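What follows is chain A paired twice: with chain B in the first complex and chain C in the second.
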Partner chain A sequence: MNDLMWIDIIAYVLQFMLIAIAVVVVLQKNNSTIVLLVVAFSLVVSGLYVINHAPDVAIAEVAIGAAIIPLIYVISISRQREFIVLDRAMDDFIISNNDFTGIGYVLLKRFTDYYHLELNICNDPGLCSWEAGPDKVICEKTNVDLIVSRDEEKGVYQLKGKESSLLMTKLAQMAEDYDDIEVHTFTERGFGE
Partner chain B sequence: MNPVLTFIVVLIGLYGLATSKNIIKSVFCVTIIESGVILLFLNFANYEGGAIPIVSEDVAAIVDPLPHALMITTIVIGSAVTALALIICIKVFHHYGSTEWAQILRREDVK
Partner chain C sequence: MSRKIILVAALGILFVMFFLSMEEMEDLFKNDAKLYFFEHGLDDTGSSNLITAILLDYRLFDSLFEAGILLVAVSGVIWISRHDFEERNAHFMLDKYKTPELFVTLSRFVFPLLLMLGFFIILNGHLTPGGGFQGGAVVATAILLLYYINLERKTDISLIVAVVKFAYLGIVLTASISLITRGEIFTNFMAVDAPTMSKYIYIIALDILIGINVALCLWAIFTAFLKEGR
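Up next is the complex of A and B:
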């Protein structure tokens, strides 16, 4: 009988914590804090599962709810701010004097700071060489957001991205000040084509 | 454990879903609702004096393990749904430059 009372007290404490954590999650505004609160919520809930005579469900909840789901959240929150640029021009447009001081880099940095994005310049030789295919194919097959290339005939640098992205409209506005920079957009293939 | 408590948890989740300003926070609230539903099912299967459904001497006394199996499936599917929702959230951010509901709905091309 004494054991039963202890279980009742633990159950009441866990129930109170469950409601409290749920209310704090709803009222909290910072996403990073919510990730930690969801871990605590999963652990409290798994304790309640054990009290309900379901230790098998509690194991699954601890493994998935308290470990894998927060991992997914952390990855997605960090990847969300990434803006990947593929540099196919391979000259001093972005990298001059072995440093990120080129005129194109200054423009892109200003653009990404406006949207609080994190600029990630990719110059992977496999994708940047001309054997990899035309820009449009690369843009469709990989998840790069922008491709920088050089048009030798006109002597201008071209920034190419997907037409559906509204960020490209803003980039086109910012590039108007530069004479040797053009912004192009690709029309994406719709469904059923 | 009271069924009313699980109902309160589901209501808190619904309130958060209705009032949250950020897409990521809405996905969190779906997780809370899911936990409330799982607790309700386990509560129905449980009874006073029942035994844990792992091989025990008195087979007649164990609680019904069928809802437990269903709820493990729910947890796994819930994690998959969360991952899918967050992928869509990343795509929305790269399209509209924001994950706030109000700023996305203010765009003219959404209407």
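Up next is the complex of A and C:
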């Protein structure tokens, strides 16, 4: 009889914890904190399943809710904050003196810091194709946000961003101070086209 | 304002109806099905875990479609993410997403234990809590940890999808063998009066196939997410 009472008390505590965690998840703003709270939620739920004699469901809840879903969320959140630049100029625009000190890098770094994004630069030209014309770029293999290229005739660097991206207006505003940088947009291939 | 009042009133009505229906639940718990499974479950299916007995024998038709739904989900995720079957790992100049050293070290220690726990849950589905689905999810977790240890790990998604298809085919075929041996589809293929010991074989075989199906499906979904932003 004594054991039964303890289990009842634990069950009530866990149920109140569930409500508290659910409220905090809604109020939180930080993504990584929310992931940890979701993990706590599934651990509490699986404890309740064990108390209510459903160990099979509890194992499934722990494996899915506390391991696989947070692993997927962590990856998705880190990808969401990434700003990928494809460098086709391949000169001292990004890297000068063997370090990230080129004017292009300084500009892009200032831009990504303004939006709290993580800047990542790639110089593999095979990522995108220009078969459909200079203004229509197909980036199927990766999700490239900005393409840097050099226009030899005008002697300027061109930054091409997605037409659909709202960040481009801010980048154009930031690049006004530099004489040799132009900001353009390209159209993406639509979904299922 | 009136909208809020209606909302609160509707919630109140729901609450009252929930409490009224709680009395009806008494009948539900007195059901004969539970007593039947208690008495005949072990003899009929050879599984002392009655949940597995119900999932893989009495209600196998439901489980088949559950495994099928996972397969459909994988094909949907891969179609939406427009995932290229040809793997291409571009070289990035600034890769800041290095996993913390502590996590990597702990993962290396936990990985074999998790894998072993997963296989244990799959193979003992008829004795202990768990079964194909739970064990498959644990094995999938162990595999996903490898991606955190080495971020540039390559995966052949087309191979995973092909194996998943054959595993699902294997589940359906194993479940249909009983049509020949017992003359009844989707049940244990051992004879009705066979000893309990030999009836295990069917449960273990089906658990292994479902475990492969679930682990590979979750692996494929994770890989699609991993490649999505890149």
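We adopt the following convention: the second predicted complex is superposed on the first by the 159 of 193 C-alpha atoms of A that agree within 3 Å, B and C clash if a C-alpha of one lies under 4 Å from a C-alpha of the other, contacts with A are read in each partner's own complex, and residues count from 1 in each chain.
What we mean here is this: a contact is a pair of C-beta atoms (placed from the backbone, for glycine too) under 8 Å apart; a residue touches a chain by one contact, two chains touch by 3 or more.
Since we're looking at a predicted model, the values are computed, not measured.
After alignment on the shared chain A, the placement of chain B and chain C results in a clash. Residue contacts after overlaying the shared chain place A:167 against chain B, while chain C stays out of touching range. In the superposition on chain A, A:56 makes contact with both chain B and chain C.
Once the two complexes are laid over each other on the shared chain, residue contacts for A:76 go to chain B and to chain C alike.
Applying the stated contact rule after C-alpha superposition, one finds that A:119 touches chain C and leaves chain B untouched.
With both complexes placed on chain A, chain A has more residues touched by B than by the other of chain B and chain C. In the superposition on chain A, contact is made by A:67 with chain C only, not with chain B. Residues 55-56, 60, 64, 68, 72, 76, 79-80 of chain A contact both chain B in one complex and chain C in the other.
Looking at the complex, you find that chain B touches chain A at residues 1-2, 5, 8-9, 12-13, 15-16, 19-20, 22, 24-25, 28-29, 31-32, 35, 38-39, 42-43, 45-46, 50-54, 63, 65, 68, 71-72, 75-76, 79, 82-83, 86-87, 89-90, 93-97, 99, 107, 109. Of all residues in chain A, those touching chain C in their complex are 55-56, 58-60, 63-64, 67-68, 71-72, 75-76, 78-80, 82, 84, 94, 100, 118-124, 126-127, 140-143.
Those residues of chain C that touch chain A in the shared complex are 49, 51-52, 82, 84, 88, 90-97, 121, 129-131, 133-134, 137-138, 140-141, 144-145, 148, 218, 221-222, 225-226, 228-230.
The touching residues of chain A, when paired with chain B in their complex, are 11, 15, 18-19, 22-23, 25-26, 31, 34, 38, 41-42, 45, 48-49, 51-57, 60-61, 64-65, 68-69, 72-73, 76-77, 79-80, 115, 145, 164-167, 170.
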